[in-house]
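The following pair of complexes shares a single chain, chain A, combined with chain B in the former and chain C in the latter.
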Partner chain A sequence: MSKPVIATASLAGCFGCHMSFLDIDERILALVDLVEFNKSPINDIKTFTKPVDIGIIEGGCCNSENVEVLREFRKHCKVLISLGECAIMGGLPAMRNAIPVRECLEEAYFHSPTIDPADPKIMPGDEDLPIILDKVYPLHEIVKIDAYLPGCPPSADLIWKALTSLLEGKPLDLSYNLIKFD
Partner chain B sequence: MPSKGLIASIIDRHRRDRTRLIDILRDIQAKSGFISPEAVADVAAGLGLSTVEVEGVATFYHFFSSRTAGTYAVYLNDSIVSVMKGRAAVAAAFEKAAGCAFGETTRDGRIGLHRTSCIGMNDQEPSALINGVVFTNLTPAKAKIIVEGMKAGMDVPAMVAVTGDGANASKLVRAMVKNNIRKGGPVIFAPFRVGAAVKKAVRMTPEDVIAEIKKSNLLGRGGAGFPTGLKWEFCRRENGEAHYVVCNSDEGEPGTFKDRVILTECPQLLFEGMAVAGYAVGAKEGVLYLRGEYAYLKPYLEKTLADLRKKNILGKKIAGKAGFSFDITIKLGAGAYVCGEESALLQSAQGERGEPRARPPFPVQSGYLFHPTTVNNVETLCMAARILEKGADWFKALGTPRSAGTKVLSVSGDCKKPGVYEIAFGLTVRKLLEMAGGLDAQAVQVGGPSGNCISRGQFDRAIAFEDLATGGSIIVIGPGRDLFEVVHNFMEFFVEESCGWCVPCRAGNPLLLRKLEKIMSGKGTPSDITEIETWGKTIKAMSRCGLGQTSPNPILTTIENFREMYEAKVDRGNSFLPEFDLAESVKAASAVTGQKYAAHAPEKARE
Partner chain C sequence: MSKPKTPIHFTVDGKKCQAFLGQTILQAAKDNGVYIPALCRWEGFEPAGACRVCTVRVAGRTMAACTQPVTEGMAVENNVPDLQDMRKSLIEMLFVEGNHMCPTCEKSGNCELQALAYRFQMLVPRFPFQFPARKVEAAGKKILLEHNRCIKCLRCVRGVRTRDNKAVFGALRRSRDKEITVDQALAAALPEKQARQAMDRCPVGSILRKEVGFVVPIGKRKYDKEPIGSDVEKAKD
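Moving on, here comes the complex of A and B:
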């Protein structure tokens, strides 16, 4: 029997959830035996090459490309997991949600302290750049999400427990300690 | 902008008392129409506080603003009954006449139009507060006249042409508010001889007073139903330099206004109840925390207190009892629903942000100024006074075995006789609807948004702690109404009023509201209903105070009692339908950057 396939992505996140994932330390050796990685920053595979069993996404959607990547994941993955605060709630990036997009962009490109007032004011608008969304969206508002792993970041133990439960076909029974954050 | 001299005089008038910070800010807001950063700094310096502390308080309350709220600040109620009674047309008339939209102030700063949560006038909607003066039963025509008056520079109290009934017409109140007492009862609205309770209490020991209240089975009338006698006993037992009695007159639950009527018509009964409580728990001071919306009653209540002092019902050696002194001060809120929660109320009464405290310690252990305190509802304290006067057995004979006494209900919405009803516990909703002329209702919201929305099939349920417990708000929802609109209004209210301390409440309620909007827009699926149910449970379980613990109720109780309404609205053939529209959501940025949206092909683009 072929190994279950996993794919991951970081959208509007800080890669902290992926770092936390790597904190499974030596268990990664066991994981490599258990699963095969497809599209993921961990192995730098950039495109889906086969159907995926478990997709794991960190970060919410802040631009058009995030949405497209997320939709690709939904298309290719049997189970899709929303990993961490930003994916589930929008997180820190969503702090801009109360501010109009124009203000955000002008703050970033015209008024930020690192802009030299002598420089011409240029608003990046290349067609190849993803377009910023009106606000940052949590994943479940765009595609159907099958499981949520909370935390900022979710601990390595939580990710490990969730993955191994899924791989073994057991119900996701997360103990209080794994989802306790204070 | 207020001068430094003015601010200094305001601070001096409040004796540089940090616990009077809200009164100080109220005065500044009233004088200058807003609280500027400079004013915040001056107040902080005057009270020896950090600017952040003062700013924290100044930004917490709805009736404080950092920009001018207008020389005439109009706060139009946007609670559901106001909407039912024609708020939209009234709002449009205000906007048209004033020449500015809600949320704005006219360019000359003269008129500001603002929304506000329920102001306790649900039986005479639409209503508004203008510079603290209440305007009821508004119509577009009246709105136009009011704006003309404001443009002409009229004094706001002078715009009140006809006053309401009872004490509303008295010189110190002069409000157009109506009492609408549709049904009086033996406990609250029966005649009361001043002194009847206090004089009896001081002839007993404090322990015996507590025993009498315990024997009466009086349960707290604010909604939670905690045994009053037990609360007093806990408070009395605590050691502390001082004990306090705090009366919760912050009825902010949309649809409740019975405390307003009690404060207007029975303040003596209430203040005697506080004095009895003071005697029982060993307190020398009491605080009446009055919601900012009812500030118009303050001069009248102060006068009542002065009269009671003259009659020796308050003050020193009360009713001749050596060693028993007790007096009451009034503290005003400034617009915050959460301050109805007792620990938030205590914070606010101390001049802080009205954020609920962690419990334990409970207020009986660490309450007002962190001393042992009993916090009781207006109606509860009135009942305690009446129990002293008439005896526990008399009281217990009213109501049901588990819910002794009467309950004052505030009935509003789609009924012929909105107003206040003092009923014996055990009355069915159907009987109440008969009395109020609302039998054709499709639903009744019992206990306000935080309570329970019941369907026609449940109208034979009884109003009592053992069945439908309520703080008193009863909103009748007539046959033609869109129940979704009601639920939506209630959820917007909780989103607005969450103090923001607990994440589940601060973030969870907006998520529930969004989910509800998704279902209302026809893009919901059965999974959305399930998710609302799960998330609602989490919000209720993980929030610190009663606000978050009940805020999902509008949705959860309608899902429970009107499930077919939700199921008819969702797409059952689909497991997931996003409300999200990519083309729509990139529009704002496209307008700034000039980018045009064309579906990228990320898989290829990345290679």
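Moving on, here comes the complex of A and C:
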């Protein structure tokens, strides 16, 4: 029997959830025996090459590229996991959600303290750049999500528990100390 | 409280309990080691019935346990699946109604809203996030008011007063437009102990004593190890 396949991605996140994933320490050796990794920043595979059993995504959706990657994951993954505060509720990037996009961009490119007043005011607008969304969206507001692992970052123990439960086909039974939002 | 206390009997989920006439369901349940989750409740303040997280059911009718007096023979439903789910949905509503960014909050780990979300195993709210535009009032000398996190429980309005009994906090408007205001002059004059109390009495991270954030390390905060309500449930074991 072939091994279950895992894929991961970081959208509007800080890669902290991926770092926490690596914090499973020596258990990663067991994981390598148990599963095969497909598209993921961990192995640098850029495109899906086969159907995936478990997709894990950190970060919310802040631009058109995030949405595209998320939909791609939904298409290829049997089970899709929303990993961490940003994926679940937008997190820190969502702090801009009550501010109009134009105001945010003008603050960053026109008025920030590091802008030289003598410089021409340029806001990046190349057609090759992903378009910034009106606000940062949690993943489940864009595609169907099957499981949520909260935390900033979610602890390595939580990620390990969720993965092993899924691989063993057991229901996810989370103890009190595993659910933390910070 | 000078009248003689008459003992009365009631049940919570079938458990026989004893109370005194005049006690609310919530108080009486607590004295019998039964935890009814609540947010706007603060022992010693006039109950407000604002958050409805303490909703119980008696004779088929739902009611706020913090305001409803207990009566002889009352059969209270508390820990039943549909009520628990309703409470959970109320907590979820509070999460989507404001901007609750736990990782950035000084109150994280000591926050009662977060602790209830942990207790109810809220992994994601079932409602869409509102991301309202709220402000931060940081100009005060001692007290910072973070409206993004306010759940309008009115604990501060009811319970934070100066020595000459002036209210430090007030409420503007009604319903979802309700907003808490602070008299910064009175707040600045609060003695240190009272300023800290104001922060402690806020169930979330909305009222903060300035310059003292993140004092208790992760792992030693109030709700790091045990769910909210454990103290009530343990007291009678």
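As a working rule, the second predicted complex is superposed on the first by the 179 of 182 C-alpha atoms of A that agree within 3 Å, B and C clash if a C-alpha of one lies under 4 Å from a C-alpha of the other, contacts with A are read in each partner's own complex, and residues count from 1 in each chain.
The rule is short, and it goes like this: a contact is a pair of C-beta atoms (placed from the backbone, for glycine too) under 8 Å apart; a residue touches a chain by one contact, two chains touch by 3 or more.
Being a predicted model, the structure only gives us computed values, none of them experimental.
Asks: Quick one: on chain A, after the overlay, do chain B and chain C clash, or do they fit? Just give me the call.
Replies: These partners clash in the superposed model.
Asks: Tell me which partner A:Leu22 touches in the superposition: chain B (first), chain C (second), both or neither.
Replies: A:Leu22 sits against neither chain B nor chain C.
Asks: Pick one for A:Arg102: touches chain B only (first), chain C only (second), both, or neither.
Replies: After superposition on chain A, A:Arg102 lies in contact with chain B alone.
Asks: Touching A:Met89, do we find chain B (first), chain C (second), both, or neither?
Replies: both
Asks: For A:Ile45 in the superposed arrangement: first (chain B), second (chain C), both or neither?
Replies: A:Ile45 sits against neither chain B nor chain C.
Asks: Applying the document's definition of touch, where does A:Glu141 land relative to chain B and chain C: first, second, both, or neither?
Replies: both
Asks: Once the shared chain is lined up, is A:Ala30 touching chain B (first), chain C (second), both, or neither of them?
Replies: Neither partner.
Asks: Can A:Pro124 be said to touch chain B (first), chain C (second), both, or neither?
Replies: first
Asks: Mind checking 293-301, 491-499 or 581-589? I need the stretch of chain B that runs into chain C in the superposition.
Replies: Clashing stretch: 491-499.
Asks: After overlaying the two complexes on chain A, where does the chain B footprint on chain A coincide with the chain C footprint?
Replies: 89, 135, 141
Asks: Looking at the complex, which residues from chain B come into contact with chain A?
Replies: 507, 514, 527, 575-576, 578-580, 582, 584-603, 605-607
Asks: What residues on chain A touch chain C, complex-wise?
Replies: Listed in rising order, the residues of chain A that touch chain C are 82, 85, 88-92, 94-95, 97-99, 135, 138, 140-141, 145, 148-150, 152, 174, 176-177, 179-182.
Asks: Please give the residue numbers of chain A that touch chain B in the complex, ascending.
Replies: 46-48, 64-65, 67-69, 72, 89, 100-102, 105-106, 123-135, 137, 141-144
Asks: How about chain C: which of its residues touch chain A in the complex?
Replies: It is residues 95, 99-105, 108-109, 114, 117-118, 121, 123-125, 128-129, 131-134, 218, 224-227 of chain C that touch chain A.
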